[in-house]
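Same chain, two partners: chain A is paired with chain B first, then with chain C.
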Partner chain A sequence: MRQIFRLEMKRVFSSKEFWLVLGVGLLFILAHLFGKEGILADSEFNRSIEGVNGIEPHSVWYSWLGLSPGTENYLYFSLAPLLAAIPYAASGWKDIKSGYQKQMVMRVPRKTYFLAKYAAVFLSGGIVITVPLLLDFLLCHCFLPAYRPLAAYGLSIVTDAVGSELFYTHPYLYVFLFLFFIDFLFGGAYACLGLSATYLLENSVLIQFFPYIVQTILVFLCDLCPFPVWPFLVNKMNPYQPYAESVGAEHYLIHLLLFIGVSFAVYLRRGKYREIYR
Partner chain B sequence: MEKIISDVKIKVELVFSHYTKYIGKNLILDDISLTLQSGHIYGLKGRNGSGKTMLMRAACGLIYPTSGSVCLDGKYLGKDISFPKSAGVLIENPAFLPNETGLQNLMDLASLKKEADLETVKQAIREVGLDPDDRRKYRKYSLGMKQRLGIAAVFMEHPDLIILDEPTNALDESGITLLKPLLERERERGALILLSCHDTEDLYALADQIILIESGKIVKQVQTKGEDSHAADFQTGNETGF
Partner chain C sequence: MKFTAKKRKLLIFAAVVAAALLCGICVFRIWYVNAKMPAPAVKTAKAGEVMLYDGAAYRVEKYDLLENEETLREMYPDLYESMRIEGYTFSYLCVDLVIENQRSTTLSAGDLWLEVNARQYANGGVLRPWEVSENSMELAPGESGKFMAVFRLDSGFAGDFDPAETRLLLSHYPEQFELGLE
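After this line comes the complex of A and B, so read on.
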């Protein structure tokens, strides 16, 4: 298992798509830092005088890509299902079409190959979503102070958001937990959702778009329901939690388990019993 | 790390029992019963679409039977084991990672089973007439070079079961000449070799038993080498449909 997983990860890191998506992430960072409405658009002096709405001094906690509501933030988290799937979600399909899958399954048990593939796809999705956010977080620290946010002013996440108490007491812990337990896991889950479409779709681009399509359909369906969960579906990876009033931690858990469970069952079960012609 | 090729010959037996395969309503393999043993090179001969490649896929567990079974050394493929434990397979086109060199590709594959070290892999590449130190990526290889690398991947781990579907495709004369001693060496070692080839002359030169297949059914087995040889009949086209 270790050898094939190592090979799969080597393929992830040597794929053009992986670096392309990280490049897109870098563009988001540049836009967020230096764009027209970026955090460094005004001089630091002016910004520090004005503060946030004239109340609190600017700090990392109001300016980080994950915590500053704005165009970059909205686009990044809306496109996350697509960004997560681009690097490696279509690799299972490509392996079948090229015949490379045959090379692998003749040398390792089928189940091992599918497990290694699933794990590599999961990690690829998690990495490409998390790394730009982490990089932006570090860069924000180069330009802005990190005063502890105050809940009383209500300038950042709302107080009934998941983990808000943690945010206002230990903001670093909140950010790292959100990055690694929400963004990383959902990034991986979206990539694996794309992988599960390997046996459903006949086009690698469609496979890469599959998680985004699924999310769009879910949003549409939820919009028809009386319970307004669609903002959560779009923004669940957003540490700012703009949907916070309507969800709890169980929403994250159910959503995550559903994505991982379905994609795991579909990809491994169908793969295990599928005949190999190419 | 390298698999030791000892004097003790390996023993492999591949048994097809009433193997029938349908795809949709099409009968692809029709009640195949066949016993193949190690130390032999079996050549599959048949027209396009006669079922040669499907029989090879069945032999290594890539497809499942509609009825019947394939048994390798007493273990049923698809039930006891998903694939043969030691097999080298080249069916249709060779498949490798386009952005790696030939050596990198084979080392990647060799790392999975750890049965071939760097020197063994390099030797396998040399044996098919390629340069292991060639820095060109696989995508820059010619068709013939790709085929040679595919053959090297089959032989590098000295598998017990070797399956080659049209290995002479895209190979020039020198490539075909290189293939013969490789097959003979593996046969002497005791490997079971199953190959198909569209060229009757090449097939006759490489195999010591020819299996004629028509519409998914085995119609005849012909010994091409040794005392029971019927090669003369076969080559002159006296067999059914040839």
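After this line comes the complex of A and C, so read on.
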């Protein structure tokens, strides 16, 4: 299992799509830092950095890509289901078409191959979502101070948000927990949702778009549903938590378990019983 | 493109050197930025104590938490009309402040922020003249006045309210002033 997983991860890191998505993440960072409306172009920021007395300098906690409610933040987290799926979600489909899967299941047990594939896709989705955010966090620290955020200013997450108390007392802990336990896991879950479409769709691009389409349709369907299911299914990857008023910790958990559970069950079950040697 | 073992080693070495250099630059920048713009020095004053801030002396006289909107309507009908929002129920925290302008210029009493237990904050703070004038928040040089800062708070606030953990914030970087309610 470990050997197959290592092989799959090697394939992830040598795929063009993986580096392409990281490049797209880099573009988001550049736009966020140096763009026309980027934090370093902000006149208030420039005034404060020049040391005008009385004006508080911007802080990392109000300016990081994950915590500043701007265009880049909105676009990054809206497109996250797509970005997570591009690197490796379609690899299951490509393996079938190229005959790679057939070769693998002749050499190792089916379960081993499918588990290793699932884990590699999950990790690829998590990595491509969290690495640009981490890099932006580091770069923000190179330009902005990081003193403790004040809830009173109302510039960052609202106090109804999950973990807001942690954010205003231990902001680093909040950011790292959110990155590794929410963004990473959701990134992985979206990528695996794409993988689960391997046996449904006959086009690799459609498979890559599948999580994004599912997420969009689910939120659209929520509006038609008479029950309040919307908080369970809305995209929750944004550390700024724009939907904090209606989304609680239990919604995060159920959303994650639903996506991971469904993708795991569909991919492994279909993979286990599907006729491979046709 | 295939690399020979020697070229490969050279490339790895160059990448490691570049990464180390970038890390060094980042560490230096982080140190430099935080040294140039340090965390604001916090100055605190309890209720009744005078705090000098931006050329004015501030003192908290007392506070009153109005958990019922009806109380605000009876006590300050005009204030109630300007702060209420149809369909929402709020609590109101009224803090009586004495401000003395020690500047040689007119003082416009600025915004005050409220922070509670390091996590809750007012949903829009309003500084309202209490005794001096209904429509003006300005004090001439040497003049002093009483003000009532009224904060509209969400309905869940009143149960958590702890005056010992509640403070008014006045920020004038690189210092931050905090006025306690007790």
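In the analysis below, the second predicted complex is superposed on the first by the 250 of 278 C-alpha atoms of A that agree within 3 Å, B and C clash if a C-alpha of one lies under 4 Å from a C-alpha of the other, contacts with A are read in each partner's own complex, and residues count from 1 in each chain.
Here is the rule we use: a residue touches a chain if its C-beta (ideal position, glycine included) is under 8 Å from a C-beta of that chain, and two chains touch if they have at least 3 such contacts.
Given the structure is predicted, the values throughout are model-derived calculations rather than measurements.
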Next item on the list: State whether A:138 touches chain B only (first), chain C only (second), both chains, or neither.
Entry: second
Check: Touching A:148, do we find chain B (first), chain C (second), both, or neither?
Finding: second
Note to self: Output check: A:107 vs chain B and chain C. Expected answer is one of first, second, both, neither. What do you get?
What the structure shows: first
Margin query: Does any part of chain A touch chain B in one structure and chain C in the other, and if so which residues?
Written below: none
Checklist line | Complex interface listing, chain A residues touching chain C | finding: 48-49, 53-57, 138, 141-148, 150-154, 159, 164-165, 168-169
Next item on the list: Would you mind writing out the residues of chain A in touch with chain B in their complex?
Entry: 3-4, 6-7, 10-11, 14, 98-100, 102-111, 275-278
Item checked: chain C - residues contacting chain A, complex -> 25-26, 29-30, 33-34, 36-40, 54, 113-115, 118-122, 169, 171-174
Margin query: Can you tell me which positions in chain B touch chain A when the two form their complex?
Written below: 57, 60, 62-64, 82-83, 87-89, 91-97, 99, 108-109, 111-114, 153
